[in-house]
Structures are given as C-alpha cells and as structure tokens.
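After this come two complexes, each holding chain A, first together with chain B and then together with chain C.
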Partner chain A sequence: MAHQHGGYFSIDLYAFNSKLKKINPEYKLISALITLILTIVFNNIFVSAYILFLMFFITVNLGGMDIFEYISMLLAPLGFIVLASISIAFGLSFEQAGEFYIKIFNIYIHTSRIQLIEAFELMIKVLACVSIMQSLILSTMPYEIINALRSMHVPKLIIELMNLIYRFIFILIESYINMRNSAISRLGYHNFKSSIFTFGNMAGNILVVSLKKANAYYTAMEARCFDGDLNFLQEEKKLKKKNLVLTVLNILIMFAIWIFTLNYGF
Partner chain B sequence: MNNIILKAENLHYSYTKEHEVLKGVSLDIYEGERLAILGANGSGKSTFFLNINGVLKPESGAVYYRDKLINKSSIKELRKNVGIVFQDADNQIIASTVRAEVSFGPMNLGLSKDEVTKRVQDSLNYMGISHLIDRPPHYLSGGEKKRVSIADIIAMDSEIIIFDEPTASLDPQNISIFEEVLGKMSLDNRTLIISTHDLEFAFRWADRIVVFCAGNIIADSDPITVLANQEVLKKANLKKPILLEVFETLVENSVFKADAKPARNIEDFRKMFISQIS
Partner chain C sequence: MKKQEKLIIAPAIILAFSFALPFSANAMHIMEGFLPVGHVIAWSLIALPFLIAGYMSIKKTIAKDRKSITLLAMSGAFVFVLSSLKIPSVSGSCSHMTGTGLAAILFGPSAVSILGIIVLIFQALLLAHGGFTTLGANTFSMAIAGPFVSFIVYKICKKSKVNDNVSIFLAAFLGDLLTYVVTAFQLAIAYPMKEGGVMASAGEFLLVFAPTQLPLAIIEGLLTVVIVIGLKTYAESELKEIGFLAGGVK
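After this line comes the complex of A and B, so read on.
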C-alpha cells in the first residue's frame, strides 16, 4: 500500500511526490468538485466509466504514480462499495419473488436483471466519484486544499481546525508509535489479555498526551504573538490557461457522452 | 558595559497554590550579551523565560523592556522582541510546511506579504535550510526541525533570543552547526540567552552565567567565578567543567602561576599549556 515513513503509512507523501503538485490548488479543487457533481447528476454509466479512466490517466500518467499502488489505493474503498451494492442487488423475502432466487430454509434471497444492472451502474458511479477525490488528494497536499477552501470562504473556525487537526495527526501518530514500541519491548502484547490491557492504557495515555501537547502548542503560539487568527504564508501557484481549457474540454466531453448515450440503456 | 535591554524585578510565579516556582527573581539582561542559565530540572528556568516573554503574567514583580514597564498594552511589543526557541521543536512547529511555519510569527506581526516572504527566505538562508521550504515538518529529521524552530524566531527579528535547552536532543554535528549559528547571531549583536545542562558549553560560550536553584538566582557572574565557586556548584548540583578542573590541578601543582587566568576553551588552554612547559 502506501509508503512507509518513520514507521507509519502516510498518504500525503504521494501528493508531495506528484508531478501535478505545481498546479494551482484552487483550480484543482474546483475542477474536481465540478467533475464530481456532474458525475453524480448525469448518473450515466458511460460518463462514470469515462471519469474512472480519466482519473486513472491523470494520476498515473500525468502525476507519475505507480500503477499498482494506484490500483491498490482504489481497491481499499472497493470493499465497502461492493458490500453496499450487495444490499441493493439482492432482496430478502418469505415468499417467492424476483427473477432469480435462492431458497435457504424459508427465506428467499432474490434478485432481478434490472436490480443487478442497477447495482453495477451504482458501483461504477461510486468508484468514479471516489477516484475523483483520490486523484485530488494524490496530487494536492492537504494544507493546500485547506487553503483553497479558505479562499472559497469556508468559515475560519473550520479552516483553523482542519489545519491543526492535520498537524496533530502526525504528532499523535508519533506518540502512539513511541508508546507502542516501548510497550512491545516490555512484552505488553505477549498474550490476548495483556494486549487488551496495553491498548486501553495507551488510549488513555494518548488522550493525556494530546491535552499536554495542545497546551504546549498554545504557549508556543502565544510566544510568537498569536492573537486569535492562524495566518500562514502560502506559496502562490499561478493558474495556467491551458489547465482551464482542459477542464472546459472535459466538461464538454462529459456532456457529449451523456447526450449520445441518453437513449441507450440496458 | 552595554545598556540594559531587559530587566526583571522581583518576579513571583506559581502554577498551583502550594508550590511557588519563581520566588522573587531579579535579573538584568544587557544588550548583545551571551547569557547562559544553569540549574536543575524544575528550578524555574522555563517559567522564567515564559514570564519575560509575556506568555505568563507574574503574580508580582515587573518586567521592563528598554526601561519601559511592560503592561497589558505593551505585551505584544515584548513578545515581538523576545523570542523563545522551545526545547521540543515538535511542540513549537504548528504549520504544515516549513514556509508556512516560519511565516507564522511575521504574519502575526501584521507585516506585508512581500516583507513576510522576504523574511522567510532570509531566515531560512540564515539557518542554511532554504531547500526545505516546501517540506512538511513531519518529514524532517530532529536536527532539521530544530533549525526550522530557530528560523521561526529569526524571522520575527527579535532582539533577544532565548533558547530553552537547545542542545538536549541534538547530535554532535548538529550541535556544532548550532554553535556556528550562535556565533553568527552574536556578530549581529543579538542578545542570546541559553538555558543548558551542558556545563562545558556554558563555560566556553557564555559572557555571563546565572544559576537558578529552587526558584531563586543563587549566582550571577562571569563563567570562571561562577563555576569555580564550590558552594554554588554544590547547591545547584552542578559539576565543574573538566577544563577548569584540569586548570586548577595544574595551578595546585605549580605548573601554572596561582594568579593565571583560566582558559575557557581548549585552544586557549593548549596555547597556555604549551608556552608553559616549553
């Protein structure tokens, strides 16, 4: 799966190494959102399939990500999607129903052609939507997304929380790894009972550590003239005309696919 | 002697009612001096730093910056001019890139964007880490993090820079890089205050040494006077620097004259020793 760095998995390393890092983050966020909304609104399997391939192309060919890593990244949500689709594809009933069914004791598990197609279409659509969000996060550092949201006038409180949470994730993971290593070195996991005991203690300790760290942070921020507003300098990335044209072209292609396949269905 | 830049007068501070951490600390800090602060863990050094930076408000006593009494309205002025590099860089770094992190202080000072950009560039250059500008802090090594946390304060252009146990978690190479930076800052006539447990370092670097013990200052003088004082060393649980110990042994054995001035670093000592025996 993801790269291992300092003992933990970190998805944002992909964004850090992506060739698409230099592109204006506001542009990336907005075009991802437009594409996402259109994919949902069109609700068309051909559009969804096109998006799925487009995102693959963007992340792997343009972004330079390893193809196997990309696929394994996409497989992670696939499990949930399949589970959710099963409940749409199959129904339960005490009487005979549907085109196909299996009888187990007195319960019929049934489905129909239409139901199966519907579930399949939904699966592709959800996968396409997930891949849009993934190609955004795999090419844009989280803080850039946060900053792009700020310039889109998302409330300041949310923005600052996002900033601090993002930074704190790494601090807590590091504390956790240190604690876990020291627990392992003292045989904290040698049997089931001790594992549970250790886990509980560690969870409690992480809470205390996070409170202490939050306090230390606040002190350090105050020492640097913090007066209630978290302001950072961000690198400016110019928006290129070429990118805008490509987004418009993409939207047109989506419309075209939608119109041409309007009357075509299973 | 230079002008007094910061003056702390009879500071009292306690976190809880039962235990007073500062029991009337008075200290004059002179412009451009190199001040080392020694003392055991829990002797009140860090609390003192937070008091003279304005993060903590003393229960009684006063802080003067350039002869001006610090009150509520001038506290930002104090925080701007007194910068603290905290012991644990991880407790100081709050932003998600080095650029954003170093810009945090200058942004809070309300400077223009161009000025902030320039200061970030300059302070990263100063610390020799311009190549890390886009890096997220969680992918930096310990030494790099420390340098970022120092650049944080340089970007604010503070006149007084306080280092709270800066060498505690650094390897020898990073310590020598750090000492180079200190030398550079002294040339820029910045006032440097360092709390440390490294007596050898304090002995060779400082102009003046102050010893904290249980919330009081028990010694305040030049390094040789302080570290040759058995009583102070015993009270604060400090150990005499080896160089000074060797020097005293040589005086006792009449290799050096009794009124000779101790050498504070190994180069001086070598010169002195070689000229004596040859």
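After this line comes the complex of A and C, so read on.
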C-alpha cells in the first residue's frame, strides 16, 4: 500500500497476514490483557525487559512480521515517551537542587541518578506494554477483538456501534483519499493558508458524505430486514490446550523473574 | 557565553525544538503502560458515570428513532477519520486534530463521551495511539473534559451573542487546551516531583508538551471554524438533521 495514498490502515493488513491469526481471538485478548496488567503491577525492569523480548519473539518469529516494520511500529509512540520521560527525568527550580544540574539564567535544570533510572525504567515498561498491545493488534483482526469484547459482556449497543464504526471508517477514508488526491492535483496544498482551507472544506465535505451514506446504509439495512439487532458472523477458531499452557507458563515466568529480582536494582 | 548570546541562543533552541520534532505531535494520548495500577483504576472509575450517562442518552436517542444508529456510527467514524488525518502544520511534523471539539458542538457532549471511548479504542487498535490500560484516563481528558468545555464555551458564547466563528474557534481551542492541561495533570499526579510535588511536576509536563500542543490547539480552532463554515454553506439540511442549527442535540 503506497504511503501517500493513505497507508493509514496497513495495520489491518499485518493482522491478516500474520501466522497467528488462526488462534482463538478471545484467548488472545484475555491473555494480552492479563500480561499487560501484570507488567504494570510488577513495575519491574527485568519483567518489562523479558516481556519486550517475548513480544518481539511472538510477533516477529511466530507471527512472521518483518523485523524493521515491527520496530518502526513499536517506536510509533516515541514522541510521547521521549517528552514524558524528559519531564520525569529532569526538574526545574530556582534554587540549586539535584545531583547534576545546568544553570540557564536563574533557572536550574537538575536531575539525579534516581530520577534518571526511574525515567529509564518507565521507558522500558511503556515499550513493553506497547509491544504487548502490538502483538495483539498485529495478529488479530479488529472485528474479532470487537466480538471478543461481546463475550466479555460489553453492552450490545456499544458492540453494534463499534462494528458499524469500524466498517464506516474505511468508507470515509476512501472518500477522503479521493478528495485529497483531487485537491492536491489542483494545488490545494501549495501554501499554509490554502492548506488550512482545503483541509477544513474537505473535512466538512466528509461529514456531508458520511451523513448521506448513513441514510443509504439505513435503507439498505432495512431492506434486509433490520429490526434492531445486528448480527455478524465470524469464523470459529477453537481454543487449543497448548496455548493455555503457554499463557500459564508465561505468567509463572513473570512471577519468577519478579521474585528473583526483588532485591536487585540500581 | 555572554548574556546577550544566551538571550539569542535560548529562543533559537526552543524554536528549533518546536520546528524539528521528528515524531508526530498527536493529541496527548497517554501511552499504554504509562500509568500505575491505582491510577488506571481511579481514572476508569471517574470516567464511568459520564459513560453511563452517555450510554443512557444514546440508548434513548436510538429507542426514539432507530435510524439514528447509522447516524451515530457515521459520526463516530467521522471523529475517528478526522483525528487520523494529517493536518497542515507549520513545523512540518505530522500532527492530528482531536476532532472532539467539533463533535461536541455538532452532536452534544453526552453522545461524544460514548463515541469518544469507541474512537479511542480504535485509535489504540488501528493506530497504536493510547492503550487499554490508559483508556480511562484518556477518555476522561479527551472524550469528557474537552468536549464538555467546548460545548459549554460554545453555549455561553452563543447566549452572549458573540460572533459565530469566534465562538466556534474559542470552543474548539479551549476544549483542546483543556485536554492538554488535564492530561498534564494526570501525568503529574502519577509522577510527582520529589521537590515541589504535583504542581511542580504538572508545570513541567505543561512546559515540555507546550511546543507541540499550543500550535495544535490554535490550528484545531481554525480548522473547526473552516469546517463549520463549509458545512453551513453546503449542508444546511444535514446540519438540521443532526440538530446543530436547532441548537445542538439535547
């Protein structure tokens, strides 16, 4: 998918091509959530590092994803991580403080060993958590996750809305791409001011298109006997015992790492 | 370095920093795994009553008119698409709107809370912005606090007969700004400074994120105005359908 033509949703494609897509989606969602919660509860750099490697192994080796694509995907939230870590690692004050500091005018930018380590540990933990999410997303189609949420007793109305929104997103993206291409070919983005106007008009236009399509959709649904219930069919994927064992094993390993490294630290 | 040199260099560094950010400046989604467990639970509980209220309101709307389900779903998809589009930016970095201010003005804040959480889930699933554990905190800042302020500002401006475009700009701008401030405080409460506590930490988060978030809020305001002007020109009947020209949905 060429990037400039709206490669926004290639993530969907990865899930479709993943070798792990045959695994039961409920199982994938629940084990990802358990791993995620445990990683945050333990808040231990060794556990986080283990998870980071494990998820790398799962997505790249088992899922068959390209290693460079995986890394660029993992670093997508880098901006937030860097900025937030900076604010945790460094402090500002008018008086001399911390172990190390730089003085600019009358303001001290200071930091200490503990702060730097805290920020580093946090960075690893966030990357580990992001990689857990990625391993779920890159192997499971979103509609499967939505269905898995239904079995977790999320209200039916929300599930219906999610299913519809998921489908509508692609329709709107398609009309956006067409509009954008035709705007570009008419120099709609040649400077900042015209970019703002083009973008604004396009966004307004997308809303109009979407409202019209919403009407058409309702008519189509009604013509197919829609009486207030939307049912989506889905391929059945059986839960395998091997997977359950692996999840339990993973949880045990996490506990073990946590217990063994309780007394270690920087 | 002489004092004068410092005076020149410091703003230059700040400028360079804000212009050369290599990564995308998204609305501040708190990343997966960033908040400690207690905060995850607390923010989810805080967001819950708003979500229940939103759910009730949506349920009532749909019970009254079945047709509104596709309309609501399209609005949700619209907010998602709007927030995933690259917007024109001065710095050349790639940034996105939140779209929630516009949605609050168009659809009303209670519907936006539910649409917002769904959009946030999809952003986590499709774009890797935000995450499941930080869903509560992100929902509160982006789908509840921001839209409510946008809506209230818009109503107040309308009551006091401020120019329509100005009031839309203010609503979107202040809504975006509040999202940014709330997020900074959420981060600060989770990671207070040793000296100075939560307030010092909040100040710092605000400062660090300011170069990306302040221009973004202004651009969001401008874009929202342009979008609404465009809508009023070409789509009056559709706007009436969602209740905007009649004064917003409930």
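Worth pointing out:
Here, the second predicted complex is superposed on the first by the 254 of 266 C-alpha atoms of A that agree within 3 Å, B and C clash if a C-alpha of one lies under 4 Å from a C-alpha of the other, contacts with A are read in each partner's own complex, and residues count from 1 in each chain.
Here, contacts are C-beta pairs under 8 Å (C-beta built on N, C-alpha and C of every residue); 3 or more make two chains touch, one makes a residue touch a chain.
It should be emphasised that the depicted structure is a prediction, and the values quoted were computed from it without experimental measurement.
After overlaying the two complexes on the shared chain, residue contacts for A:Pro155 are found with chain C alone; chain B is out of touch.
With both structures placed on the common chain, the touch criterion links A:Asn231 to chain B but leaves chain C unconnected.
In the superposition on chain A, contact of A:Ala223 is made with chain B only, not with chain C. By the document's definition of touching, of the two partners only chain C reaches A:Pro77; chain B does not.
Shared-chain residue A:Tyr143: touches chain B; no touch with chain C. By the touch criterion stated above, A:Ala89 is placed in contact with neither chain B nor chain C.
Touch criterion not met for A:Ile45: it reaches neither chain B nor chain C. When the two complexes are overlaid on their common chain A, residue A:Phe16 makes contact with chain B while staying clear of chain C.
If you count the residues of chain A touched by chain B and by chain C, you find the higher number for C. Of the two partner chains placed by superposition, A:Met55 touches none, neither chain B nor chain C. Residues 12, 142, 164, 166, 171, 213, 217, 221 of chain A are contacted both by chain B in one complex and by chain C in the other. Considering their complex, residues 50, 53, 55, 76, 79-80, 83-84, 86, 88, 90-97, 99-101, 103-109, 113, 116-117, 120, 134, 136-139, 152-153, 156 of chain B touch chain A. Residues 8-9, 11-12, 33, 36-37, 39-41, 43, 73, 76-84, 86-88, 90-93, 97, 104-105, 115, 122, 125-126, 128-130, 132-134, 137, 142, 145, 155, 157-158, 160-162, 164-166, 168-169, 171-173, 176, 189, 192, 195-197, 199-201, 203-208, 210-215, 217-218, 221, 228 of chain A are the ones that touch chain C when the two sit in their complex. Chain C makes touch with chain A in their complex at residues 6, 10, 21, 23-26, 28-37, 40, 55, 58-59, 62, 66-67, 69-78, 80-82, 84-85, 87-88, 90, 106, 114-115, 118-119, 121-122, 124-129, 131-133, 187, 191, 193-196, 200-201, 203-205, 207-209, 212, 219, 222-231, 234-235, 238, 241-242. Here chain A touches chain B in the complex through residues 5-6, 10, 12-13, 16, 141-143, 163-164, 166-167, 170-171, 174, 213, 216-217, 219-227, 229-235, going by the rule given at the top.
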